[in-house]
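In the two assemblies presented below, chain A is common to both, partnered first by chain B and then by chain C.
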Partner chain A sequence: MAHTRRKVVGAVALLSSAMLLAACAGPAATSTSKLTDGKVVIGVLNDQSGVYKDLSGPNSVIAVQMAVDDYKAKYGDKAVATNIQIVKADTQNKPDVGNVKAEAMYDRQQADVILDVPASSVALAVAKVAAAKKKLYMNVTAATTDLSGPTCNKYTFHWAYDTQMLAKGANGVVAAGGKTWAIVYPDYAFGQNMSKSFTAAVEAAGGKVVASIPTPFPNDNFATFITKAQASNPDVIGIMAAGGDLINFVKQYNTSGAKAQLAVGLMFITDIHSLGVDQFTGTTFTDAWYWNYDKKNRDWADRFLTLTDTRPSFAHAANYSAATQYLEAVQRAGTDNADAVVKELEGKKLEDLFLRGGEVRADHSVIHDSYTAQVKTAAQVTEDWDFEKIIATNPAKDAFGPVNPECKL
Partner chain B sequence: MTRVVHPRTFGSDLNMTAFIQYTVQGLAAGGFYALAALGLAIIFGALGVVNFAHGSAYMLGAVLSAVLLTTLNVHFWAALVIVPLLMFAFGILIERLLVRWLLRLDVLYNFLLTFGLSLVLVDVVKNLYGVSGLPYEQPAGLQGLIHVGGVTLPKYQLFVFVFSVLVCVIVWVLLTRTRAGMIVRAATEDPDRARALGINVSRWITPVFGFGIAVAALSGVLAAPFRAITATMGTNFVIILFAIVVIGGLGSILGAVVAGFLVGLVEAYGQAYAGTFAQIAIFILMVIVILVRPAGLFGRRDAA
Partner chain C sequence: MTNPTLPTAVPSDLSLDPVAARGRLVRRLVLLGIGVLAALVLPLVIYPPVASDILAWALFALSVDLLLGFTGLLSFGHAAFWGGSAYVTGIIAIRLGVPFPVAILGGMIFAMAIAVPIGYLSVRRSGIYFAMVTLAFAQMIYFVANQWLDVTGGENGLQGVPVSFFGISAVETDSFTFYYAALVLIVIGMVAGWRIVHSPFGRVLTAIRDNSARARALGYDVERYKLIAFVLSAGLAGLAGGVFTISHGFVSLQEVDWPTSGKVVLMTVIGGIGTLWGGAIGAAVIVLLEDQLSSSGFEGTGIITGAIFIIVVLLFRRGIWGTAQNGFDRIRRALAVRAQRKRNGDSAVATRIDDGS
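Entry: the complex of A and B
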């Protein structure tokens, strides 16, 4: 009996002292901080286990951590965001899952900003959540131009690339003599959007699209579609598939003996790594960022390598950039209040590791220099992941499409 | 002003050269299906197990080839022998440790077991090798094109077709001309009567399961130079395999092989002349077969 009572007394004492401590710490923390809830929470919402895991996924969380570390090192005691947390969740690339996870992040985990979100359908669903919750959302890995078009809103920023930026790569190919194109695209939102952007870009550059061939998605057998594309005798065959389907296509293209030049709509460096440089040699595409472009990129890629054992894709660098610019905006605003932070981002010219000549446009599309890349030959590759030769830098103004008139902010 | 030129669907590509190319492409795609379906049919016949992990066996065949190539420099031609042997051993292990214990229960139990097994295998491969795929080189001697009577054909696709037919013929000879084969066939097509004739059917069950897995893995080795080698490559593949086995007739080995090539052809012609409807075409074929011949093309009447 006495034993039990002592236990109860002990527990009550512990509890009350804990409450006392909390009471002391509580007001103290808020009195020095201008943060809405005493902390800044950055949510990384992406594909942690599926097809986009390697090109972004868990390593993007590490890239965001690098941005937080750099921010703390830069501002030290003067940092507005003293207490920064990173939370992550898996969308499984399903819009409904993404929707629920985004709500949970904003509401329960008190996220101030959500980053990344690959797959266009999921990305658009999360944009609606951000608008409803009035919290920031910086999309990095989705390609659809609708993010800065029909579904644009005050709190959504589209950071790294879109289908129109990718399609600008067609200019160089047409100028180099690739006048007639056959476009092969997977028949779903992404593929249709890509096909539209590329058709417009090819025709604007003075070329002609002679065949436009939809394929099932996903698909592991492209041989027949390659023969069909060849039948129209094009100079260039443009493939708009991504990930595993892109690899299926290129493998089968290379055994088909097709003579047309191959142009890839969307390529991540992880695709070249997984297929081997031989299969892609000579292929040109538009890249948003390349790790071995200059010393600045390389230094960062070296840090990334020690943390992850791999080289960064442009999505990793873009997540770093988005997190950095968010924290910088918080610093300038002196608070993490969403409306104040948005004001610090809108119309700003930004420079960092990823954004060269960067600018936040009126439709919240963040434009920057893009690069025309060509896959090296095996002999030119001097180290692992050294796959790309940058043959042209496209200034930000020309790299993206015009401001989307469908976006009314 | 954007102008999208859609290819005419029916009729425009009806020239002979393209038709022959489509046919070879269909037969090559059919080769992958036929080999894997052959294994599925043998396993279903002998064990009554609907092996959902068959797509994973196909996937492991391709992944193992890629891993052996990068780590031990085992080339395509050697992998064609080594990988099926390894997967035969793997199949025996699975049968002994897992499948065997559920054989006496309802078929659903093993269906769920192999379904769970396929999820585990896919995630293990994802964890070990990531999701974006493994590199594989074009095998020596099979690069480039071959000209046959004015038609240009890719060597590799022709090889897949010829090789898979060859393997099917060899399996057929083994099954019909050897004593072991006849026992297996008897056990596959009518296990009860085989038992009644004094054949110890259960003794043959383990190696037959291993064999079925090995043939699926062989299909995976063939896919390595031609398709993306990813953890999920077998996930859709296995669905089509089930359609093939139903079309061919459950438990019929010949039916599985013929239906495998047939589905490959339907897919290729569908893609060539009906665009994205190709994948539906396979299932339309399945529905028609079920309506007209419920036991499948080569199935026994009582199997329906």
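Entry: the complex of A and C
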């Protein structure tokens, strides 16, 4: 009852405002009047101080600024978004902080879109906020497939990668001869998810998982698990840990004298940089984007380098891409009204620096080509950050899992 | 357990001097008025969801103070009750869709229920051992929450906890109105805490804190009293955790993780141990700091809160509230002494009043 009344009131308000607009929209109308509040505000909500700071963090704000600059340069006077602001906040990777910050961004800072948001628990909480506030949310750094599954909603887009994409990279490893796998995973939601996805991907590619070994999380001593994994004599040992646990595992793995090839579930180029290529030599993993892949990437990475003194991770490029595509959608829609912008994104094929063969799927997962990468040996590295050899490019349609049936939009 | 650093605020209340008693009553009413006013205008001044956070943490800190300040037990596992209740509240709200006070009541009962075995096994220890045992139990709850994916969602947390409030959509959708609904629950919890401390039962707790051997000699069953205090404290922590869950609309693993236990002890210490209301000040300081720092672009939230903790511990041993109380008492005494001197013209009287108060 209350619902229908609200709808009626809404319709009346819409009609009358449309009439008002029609009355005002003489030749004097400027493009600014198309923006809901006279400006477009892009919120970057991520980890500015903790474990995810390097792989995304403050430099993602710079990447978004680059997208804004490029948009302005491209459209000049014709730009719909004439006044673009970027606001940022630190979630400290705490869901409650992230949740309040997201609400505050939408409500108080008039953010039209929120970008980034690492850590699955925080990312899912923000998706709920976006749905409630009816504002856009383009998640870049969270891996959970739930974003385009049970918690999917009209305003949430999952931009860069997910656990299934990471697992699909195993195809390339199996094809290169890594037939038998032992998977070591931390025993919590992320690890279990990854283990399941990798097992499916390895088997689909014709390989075989001979051992599946859970470890406590967090954990310092992996010696017993490494021994266990070796006992089954696999071609590849897949490690699904992330962050500090991954670094511990890799160090211990290297001193254990194990001969199997190491495949890492989730790795950012910043991880290789902090631990050194020596520790990772020969390791394979799935990358969503690599800065030295082609000239286009490299040119952008050079610009990024002059601004930040570091090379971009895929998260930086993906934030650039999300901001760019958001602004392009605003440009096409001629307004920053969230529903109109969503309509301009849904089902679209997108191409940019980050999205190669990109497409916005029905479940709002944004798929694109992914890369099976191998860490170079120290001798092969010609310059700092030149750590990866791309051994296979996985076309977008094979790079991600199927459309999530749990998502009902 | 004797602890010389703990303040003895309660015994001074036993003074029967009618003049002092009236002064105390006036002072209490004034403070109460300020407190109520502050609670009412809070969401006008700061962002309503942050204000609701302060409420929840304030009651949580009060529940810890009930044990730490009035019973002499430092629990380092209170996240188990806050978070345990958070999960149960969330599950009840999601699965049954009942009005949120009912869901919170369910969470609170769960918190008290798990507090019985945990308390039974841990109150036999005191000091650092008690802290460690409670921490161990809280970690057990953490691992259950982490592993039981179907129920708790593990690392991803429990998402989409609805706010259902008898169909009143203002409370259900607007965080500003929700604050006042939550305030009612929190005030009920705080009044309960105040009643506990100022009841004969509370006096026994204080006696146990100050000298448990003597309390035992007087015939009190020390363990039983401690256990009851522990369970009551868990209930208040559960109430706070439930409100927090409804306010945010989700439960994360963080609620049962040990840093949460640490954070609430930090709030209690900053506000003032054994002051009951100090926790609210501590909660406000920490929550506002976290909120401000995360938008400021400054990268070291931990450095600031750590520094404040060190300053408080070094300079204000009784916390913000306790120090303010001390300062207030000192001024009052100085005024009384001056008034007395004026009346008598005799400086020797001052000493007597000083001792008597």
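Convention: the second predicted complex is superposed on the first by the 377 of 409 C-alpha atoms of A that agree within 3 Å, B and C clash if a C-alpha of one lies under 4 Å from a C-alpha of the other, contacts with A are read in each partner's own complex, and residues count from 1 in each chain.
Please note the rule applied: a residue touches a chain if its C-beta (ideal position, glycine included) is under 8 Å from a C-beta of that chain, and two chains touch if they have at least 3 such contacts.
None of the values given here were measured: they were computed from a predicted structure.
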Superposition on chain A - do chain B and chain C clash or fit: fit
Larger contact residue set on chain A - chain B or chain C: B
Which superposed partner A:P402 touches (first chain B, second chain C, both, neither): neither
Contacts of A:N99 with chain B and chain C, given as first, second, both or neither: second
Which of chain B and chain C A:A125 touches, first, second, both or neither: second
Partner chain(s) touched by A:S49 [first = chain B, second = chain C, both, neither]: both
First, second, both or neither for A:D187, with chain B first and chain C second: both
Minimum C-alpha spacing, chains overlaid - chain B and chain C, in Å: 5
Set intersection of chain A contacts, chain C complex versus chain B complex: 49, 53, 187
Chain A contact footprint on chain B (complex, rising order): 1-7, 13, 18, 21-22, 25-26, 28-29, 126, 130-138, 143-145, 152, 154-157, 225-228, 230, 232-233, 236-237, 267-268, 271-272, 275-276, 278-279
Chain B-facing residues of chain A, complex: 49-55, 187, 195-196, 199-200, 203, 209-216, 218-221, 223-225, 227-228, 231-232, 243-245, 247-248, 251-252, 254-257, 268, 270-271, 273-276, 278
Touching residues (chain side chain C, partner chain A) in the complex: 47, 49-50, 53, 146-147, 149, 153-157, 159-160, 169, 173, 175, 244, 248-250, 252-254, 290-291, 293-295, 297, 299-301
Complex contact set, residues of chain A against chain C: 2, 48-49, 53, 88-92, 94-97, 99-101, 103-104, 107-108, 120-121, 124-125, 127-128, 132, 144, 146, 150-151, 187-190, 192, 217
